[in-house]
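The following blocks contain the structures, represented as structure tokens.
Next come two complexes built around subunit A: one with subunit B, the other with subunit C.
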Partner chain A sequence: MSALPNPKHSFLTGVRDSFLPVLLFLLVIGIWEFFTWYTNYPKSILPRPSAVVVAIFDNWDLITKNILPTASVALGGFLLASIIGLFLALLMTWSPWAKDALYPNIVGFQIVPKIAWAPMFVLWLGIEFESRLGFAVFISIFPIIISMTAGLKNTDPSLLKLCESLTASKLQTLFLVRFPFALPYLISAMKMSITMAMIGVIVGEFITSSQGLGFLILVAFGQLQTDLMIATVLFLCFVGLFFYSLIAFASYRLQVWFGNQ
Partner chain B sequence: MSESSTIREPALQSDSYVHADGVQKIFNPGPNQTIALEHIDCGVGEGEFVSLLGPSGCGKSTLLMMIAGLEHPTKGNVTIGGQPMVKPREDIGLMFQDPTLLPWKTSLENVLFPVKILNRDRKKYLPIAEDLLSRVGLEQFLDKKPAQLSGGMKQRVAICRALLYDPSLLLMDEPFSALDAITRDEMNQVLMDLWQDFKKTGLFVTHSIREAVFLSDRVLVMSARPGTIIENLVVPFERPRDFSLVETPEFNKICAHLRGKIDAQH
Partner chain C sequence: MLDLILTKLRLNVFTNFRQIILPVAFFSVIVFLWQHLVDQKFVPTIILPPPGDVVDLFIAQRKFMWGHALGTLYECFAAFIFSTILGLSLSCLITISYFARRAIFPNLVLFNLIPTIALAPLFILWFGVGTEARLAYGMCLALFPIVVASSTGLLNTGVTYLKLCESLTAGRWQTFFAVRLPFALPMIFTGLRIGLTLTIIGVVVGEFVTAQSGIGYLISFAASGLETALALSAITFLLIVGLILFTGLVCVEFIVLRIFSGIAAP
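Presenting the complex of A and B:
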């Protein structure tokens, strides 16, 4: 009577799923390495992958000390965006007035290329981390608001009728039913949002900063140290992946809570 | 069982517990209005189990929702126990086509969900919830979440939830129509057995003639839109009933009679 377990993966599908992407990646790196070596390509334009690895070890301290300024501001921005976005979504679900006033503006704002606002944040919040934090919040809050508002609205109508028939208050329905039902929406919005927050911080660092991975990219760019640029971008990927995997873990825990795992 | 021995009664009973009087329901009043229900006069006596039988879209669910206080009649009124029904009441249990369980809660916690909403004493209702779940054969599944239950099991949890407060009236909106035929028969028996023990007043919406006749003391047939009640038939079988009943000629004769009433509409 209980749900059936997933059909057993054959050994071959397992091999295909895990090795095929790695194989393709290594193949591209190999071609890159061979091409740059064979043509003796200028390393200031396209360094060999092996040179990037060497640059990582040569600049290890420089790179690693610049991780924290970027990662902490991105994470802080993301968390603030999640909390404020969640609050706005709850407010708009609770009050039709708030929704009518806010939602069209938020959707309208969403269409504007938000990157264009970055210099304003420097003007308003200064050249320290506050402007980058503010911009990260600004750029990463939209997925949270929009997705969470949709999630809070999409609750099973029969379940809402049940709550109504039990004479549940609006707040009870919101927090005991609508909110937990919308959590999967929140998680998938967070996956988008953390990426946006990273972008926000890098852009902020491009504009004005004296530390951080975005700053390091600009420094390396100025000195035509292309291998260091690529190495730094690689570390940005690692930071992004780390955050993403934290959210993926939260997503997994949520699935367990929903009884799906 | 001949046709004449099925007793016809006036639909409006003065002593009925649930009472709909001249009910009309219009959706989107205006040039594009839909008259969902017209001239509905009916009653359900205390302790009686009545089915509302009709084709899809005849407004039977709308009528049920009005009795639950979740919809309001355009004209006429609904009373329960003499009280006009204007908003939902706590002493009414409700079941839907979907089990409408909370996926993150165990069977037991889902049954106890009304306690949380109404801030009642959980300790008092815990043994009641456990007892209900074991009555429907789910004593091994108290701590399972809905994803681990079959469709029939989920509806059993939903029945237990509806019965937790010992409601005076149980309203069921096609609760078994999403289930496969075998599970559906099983659920009909489960409900029949529960009824034997609890003796509630019940109103059951269905489009299955067989289900209506098997479960009910009385069947009200509704016409297609605008929905009106076109037949009021007392089901004469003794309780407790079991599934051998559906094989009897008397049972099938009643079903055929109701089928004729529904078909005459087209």
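Presenting the complex of A and C:
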């Protein structure tokens, strides 16, 4: 079989290509179900997939009640990080002095494994949602700053020269030329950033919390309710997926908007 | 002409000077402000210990903390090596076999959506509270970016090169090692860097959740005991661990790219 892209792309190969991954997925789930059923595997270690589905319906209220605390803090942290990060990136592009002073420090700070700061935020901001919000902002701001600064810097030089020859002011150039050109960078950074915000909130909930999906996972872990744990993780996936598609939609709207200008 | 060169040189020296002095100055101002805030009792030392205390503790407890750091370093290194081997072989399989690619790749992308950080307690349930759990967890976190990045790199070789290989009747494996792999190396190393960061995150989170030693344990232990200075100096030690691992990876990248540069240069 050739390693090159298949030139004969018939309907049949299309069907096969979309069925193969589903088939593999179902196969793995099937083996899992059969194995746990056949060996009567301890439910607390590896529950059957069907038990997970049952756990979702049994604990529906409990799980859905805990979605909002996690999702709202993650979204809030992400939005704050985007606003502050964007502001810092614009500042650093506008003033080379600010860039020289801040950028090496930010990059240097980024080397520290940021997850290690989580207990410090609990210490600083308490065990309420503030500490998780603060940590989510902290952990999700770096991708925004770094990629946005790179994006604003990498504007087409000929466009910048055109701006200069048309005597556009620095601010005009920044907002009318550099910013729209940096949008793809911003969007990819936002996708990374929302994931990081979710991680931040979940880690924060692991360390100390009395609500949220991360907390629910820990509670289920303490009671050895592994089926509930897996069910909660599935819901976390849905929340992540929802945010991801939200950003994809927002980025589409933004691109259309700026494209029309 | 000489005049021009001199001006350029002077400008360069000036900007270089500025690029070094400014960040250092900014950093010093922050540290100074921090010290001042603590001295004037604006913030209690429990919340923010004076920077001097952190440095003192760092020096006084360096042997004790180095012991913890070594455990974390070892776990990160082992988990990273395992996930590299596993990830690279998986992406090899994905590249070589059309069938495997179609079957596995979409599932990998789907799996990537799971917030793996939430799986930490599950790994402790499966592997116990020992090193194995953190190794497996660090591996699991690092595996996906490595597989996705290296498969993307291996699959996106220029079509012309592949056509050339085919017309020269190179075998599938020959094409893989002589063309695909050298071309994919930068992409593979990007994946490895992300993987390394995630391995460190995995091991530290594993230590947060349950461990009796290691830097992550030390940080959460110190923070819960309100020993902020100890927590901050432990974080500094984690920075050193991260730097050691990253420097190692960058050296390997440099050497490997050097070896393959003769082949990969178009």
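FYI, the second predicted complex is superposed on the first by the 232 of 261 C-alpha atoms of A that agree within 3 Å, B and C clash if a C-alpha of one lies under 4 Å from a C-alpha of the other, contacts with A are read in each partner's own complex, and residues count from 1 in each chain.
The working rule: a residue touches a chain if its C-beta (ideal position, glycine included) is under 8 Å from a C-beta of that chain, and two chains touch if they have at least 3 such contacts.
None of these values were measured; they are calculated from a predicted model.
Undergrad: Touching A:180, do we find subunit B (first), subunit C (second), both, or neither?
TA: first
Undergrad: Looking at the overlay, what does A:202 touch: subunit B (first), subunit C (second), both, or neither?
TA: second
Undergrad: Thinking of the overlay built on chain A, is A:164 touched by subunit B (first), by subunit C (second), by both, or by neither?
TA: Touch partner of A:164: subunit B, not subunit C.
Undergrad: Return first, second, both or neither, reflecting whether A:172 touches subunit B, subunit C, both chains, or no partner chain.
TA: After superposition on chain A, A:172 lies in contact with subunit B alone.
Undergrad: Return first, second, both or neither, reflecting whether A:113 touches subunit B, subunit C, both chains, or no partner chain.
TA: A:113: touches subunit C, not subunit B.
Undergrad: With the two complexes superposed on chain A, say which partner A:68 touches: subunit B (first), subunit C (second), both, or neither.
TA: neither
Undergrad: Who does A:246 touch here: subunit B (first), subunit C (second), both, or neither?
TA: In the superposed model, A:246 contacts neither subunit B nor subunit C.
Undergrad: Name the chain, either subunit B or subunit C, that contacts more residues of subunit A.
TA: C
Undergrad: For subunit A, give the residues common to its interface with subunit B and its interface with subunit C.
TA: 1-3
Undergrad: Which bits of subunit B are touching subunit A when the two form their complex?
TA: Residue positions touching the partner: 65, 68-70, 87-90, 92, 94, 96-98, 100, 102-104, 114, 116-118, 144-150, 153.
Undergrad: Touching subunit B in the complex: which residues of subunit A?
TA: Subunit A reaches subunit B through residues 1-3, 156, 158-159, 161-168, 172, 176-177, 180, 257-260.
Undergrad: Which of the residues in subunit C end up touching subunit A in this complex?
TA: 18-19, 22-23, 25-27, 46-47, 95, 98-99, 102-107, 110, 113-115, 117-122, 124-126, 159, 162-163, 166, 172, 175, 197, 200-201, 204-205, 208-209, 215-216, 219-220, 222-224, 226, 228, 231-232, 234-235, 238-239, 242-243, 246
Undergrad: Which residues, counting only subunit A, touch subunit C once they are in their complex?
TA: Subunit A reaches subunit C through residues 1-6, 16-17, 20-21, 23-25, 44-46, 97, 100-105, 111-113, 115-120, 122-124, 195, 198-199, 202-203, 206-207, 213-214, 217-218, 221, 224, 226, 229-230, 232-233, 236-237, 240-241, 244.
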